[in-house]
Amino acid sequence: MKTAVFPGSFDPITFGHVDILERSSGMFDKIIVAVVHHVGKRALFTLEERVEMIGAATRHIPNLEITSFRGLTVDFLRKKQAHIIVRGLRSFTDYEYESQIALYNKHLYPDSETVFILANSNYTYLSSSGVKEAALLGGDVRTMVPPPVLEMLKEKLRQRGELQ
Amino acid sequence: MKTAVFPGSFDPITFGHVDILERSSGMFDKIIVAVVHHVGKRALFTLEERVEMIGAATRHIPNLEITSFRGLTVDFLRKKQAHIIVRGLRSFTDYEYESQIALYNKHLYPDSETVFILANSNYTYLSSSGVKEAALLGGDVRTMVPPPVLEMLKEKLRQRGELQ
Amino acid sequence: MKTAVFPGSFDPITFGHVDILERSSGMFDKIIVAVVHHVGKRALFTLEERVEMIGAATRHIPNLEITSFRGLTVDFLRKKQAHIIVRGLRSFTDYEYESQIALYNKHLYPDSETVFILANSNYTYLSSSGVKEAALLGGDVRTMVPPPVLEMLKEKLRQRGELQ
Amino acid sequence: MKTAVFPGSFDPITFGHVDILERSSGMFDKIIVAVVHHVGKRALFTLEERVEMIGAATRHIPNLEITSFRGLTVDFLRKKQAHIIVRGLRSFTDYEYESQIALYNKHLYPDSETVFILANSNYTYLSSSGVKEAALLGGDVRTMVPPPVLEMLKEKLRQRGELQ
Amino acid sequence: MKTAVFPGSFDPITFGHVDILERSSGMFDKIIVAVVHHVGKRALFTLEERVEMIGAATRHIPNLEITSFRGLTVDFLRKKQAHIIVRGLRSFTDYEYESQIALYNKHLYPDSETVFILANSNYTYLSSSGVKEAALLGGDVRTMVPPPVLEMLKEKLRQRGELQ
Amino acid sequence: MKTAVFPGSFDPITFGHVDILERSSGMFDKIIVAVVHHVGKRALFTLEERVEMIGAATRHIPNLEITSFRGLTVDFLRKKQAHIIVRGLRSFTDYEYESQIALYNKHLYPDSETVFILANSNYTYLSSSGVKEAALLGGDVRTMVPPPVLEMLKEKLRQRGELQ
């Protein structure tokens, strides 16, 4: 069975991530969507909220496992007995950054392989940070994130007193 | 009448910005230079100081309106009934970053169009942050910013106890 | 009156070119679409055929003049008393290539200004040479070129004995 | 069963290609290595010789099918009832070129998916054309191509009167 | 005598830096390795610790002088009566960033020249920040930094309560 | 004594090449300017004419040796007992291309080192092929090539019947 891991911050998951998952779910027997805890990087949503949002946004994709982890990505791979990492590329900047990470992971765990697929060209502009900035400034993000994410995003900003 | 908006931080305006304005002022009937308030990004100069410096540095360019705004750039465009954004490109990094922003703005406001012009090759190295760093470390920035900006920069650093 | 020149090979014009023309026609008072004769570069269509196809494909855009020229682009600009060049960018490779050309033109004619607009993200993949290759190998190019171009392309390949 | 196609010129196959095949053979159930006939591009080896060399160089990889085709890659995919394309990336130039091809293929065949894996950093410099140039100029290419390719390359150059 | 300066953060020095020094030491009569104090950038190691680690890691390279400085790099060059800066490039991102710095330095000090050499392809993935992150998360960094650096890194993390 | 080789086509030498030579002549004890014969690439000038033009254009630079060679660059280095190659970079495209060549040369000759310096930003646009194209189309290239090159270029085009 070929298992691939799709690690990321997903703060929050966007239609861009959903597209990558829909497309890669047909390539591998199972995809583990893994929310990474980044030391010293402030996230808007907790790990648990992010796992919950991914679940709500990907109910139509059959072969996913959704979880989170702390520590090195390669240690997570080893624990899951997986060696394939899937990442989407929107731009050259993504390519550069992801290449460095892939080589770093291969150095730490030589059996690991990172496969890249190109983001849908309609989502080239789309990033979690762009969604948060647009939402914060009152922009309409309905075309950027799935409905359950939209609700949790509004709620989160309301709690923070940014909306209302 | 064709109106274009030139949004930016201008913290402070440099000879690179002035060059872009001189060149684009001949392409459009009016250019609105718009200082953007970035949430959560510390600026050296206040919005008002930046508007003042731009005014002092661009007196020789006839068709400019200088102002500032908070919120999304596309909301500012709509309010001004403008749909053209002008941006300068110094490097590939600028191109990548600006492309993402342009696609994001086009997604939020489909009538918007971003036009790019290349920075003068003598100003490729020049950035507002480079000016601030050089000034802070005692470097000579006379060839980087117009005289009124130089004065305000010295004054600002003096207030902060960085110079004198 | 602000006149811009959109020079290119247009061998043949694609929906990508049409999109750039639709969008830039709202920015300038007049756009001169100029088919360039490249010394030593074999084209599939003659200059006259390319001018004719552009005309057929852009009837809905009001402020265009369609013509062709031989020689340096800057000499054509001078002759037309225009100083603005419009070019579309699909990718970083385009950006690099076009930047070099823009600096070269500015060197030869300092008053010239090249403005870039980003290709529609649905047309990122689209190039005249890709259209020709797909058509030659029997691919369906109806979503790549306007109907009159499709007809002329089929006719041209039929003449060359490549189709039928 | 997940089948992936690895299309290319392979004129000739290098250690870089072999590395991509070794690594991707563990990701998919079957890999079809497909030598592409490019209209109007002169190759050093015939399609048959290239298929033979690939076979000789990849005997240790179990799940490969080696063949050649003429026409569009997407038509070959459809014929083979495959929808995954595998490509290696050595550099940004590869990324740019391959991205355009991947989007073009996705446009012609929306079910197709291209996955990219990074070339081993020891083979970043390695290309079929570099091998041919080095061999032609008398350089030692033993570390660039597998032994059976080396033999056929020497033989080919001898026939052409380039060596001996 | 040709003296070159190799400025950097070296927080900490990695095998990538050592490789650049080994290779550039044969090109110039003397290399001054200069640890830069960056205003407002938190380092893991003090300037003194970094100078000490560089010394311990480069004992086998004869023509080095190791020191640190505060202020502009060009002022340090002038003080040392040197005009050559050496920098390593691992990636395009490095190239872009370093090009801007080189042009900025040349603007501030027209006699300065920056020469670039490519990182060894085995160290493309390697950065001081990657080393720190891997060490912090319990990864094995023995192949990334020389033994004396490894010891100081473990000790530093132990002090910070991150290890043990 | 540190000797560096500056290989290239120099068809013809431009002010960009002269600038690289002026700047690198201060870094090394001797620079060997080496005109490369490229198999299968048509040049406008013969190897001898190119050597002559380089000589005429660089009389003011003391430590140059000017010559030409056929074959692999690394074999030329070995013959000259040199191991340093100098190359100028005008753009990212240059960087990518030159990086591949540098890694290829290092693979063929591990002792070789390629050092890169950035082209003067005033010459970013300038290439030998651009000079030839401009001259052929009647453009003024006096700011692109030194006077003796200008004369030989005019003469060459006159012989070819392109001018007059």
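Some observations on this one:
Should a chain be cited, it is by its letter among A, B, C, D, E and F, assigned in written order, with residues numbered from 1 in that chain.
One rule holds in what follows: contacts are C-beta pairs under 8 Å (C-beta built on N, C-alpha and C of every residue); 3 or more make two chains touch, one makes a residue touch a chain.
Note that this is a predicted model, so its numbers are computed, not measured.
The set of chains touching subunit C and also touching subunit D is given as A, F. Summarising the inter-chain layout, the chain whose CA centre lies farthest from the centre of subunit F is A.
Of the two chain pairs considered here, B-F and D-F, the higher C-beta contact count falls to D-F.
Farthest chain from subunit E (centres taken as the mean of C-alpha atoms): C. Where subunit A touches subunit B, the two copies mostly use different residue numbers: shared numbers make up under half of all numbers in play. Computed from the mean C-alpha positions, the centre of subunit D lies at a distance of 39 Å from the centre of subunit E. Once the centre of each chain is set as its mean CA position, subunit A and subunit D turn out to be 32 Å apart. Contact with two or more other chains is made by residues 92, 96, 99, 103, 121, 124-125 of subunit C. Every pair of chains in contact is given here: A-B, A-C, A-D, A-E, B-C, B-E, B-F, C-D, C-F, D-E, D-F, E-F. Interface residues of subunit D, counted against subunit E in their complex, comprise 92, 121-122, 124-125. Per the touch definition, subunit C reaches subunit B in the complex via residues 2, 23-24, 26-28, 83-84, 89, 92, 95-96, 99, 102-103, 113-118, 121. Partner subunit C is touched in their complex by these residues of subunit D: 39, 71-72, 74-75, 92, 96-97, 99-100, 103-104, 106-108. The part of subunit F that touches subunit C in the complex is made up of residues 90-93, 124-127, 130, 133-134, 136-140, 143-144.
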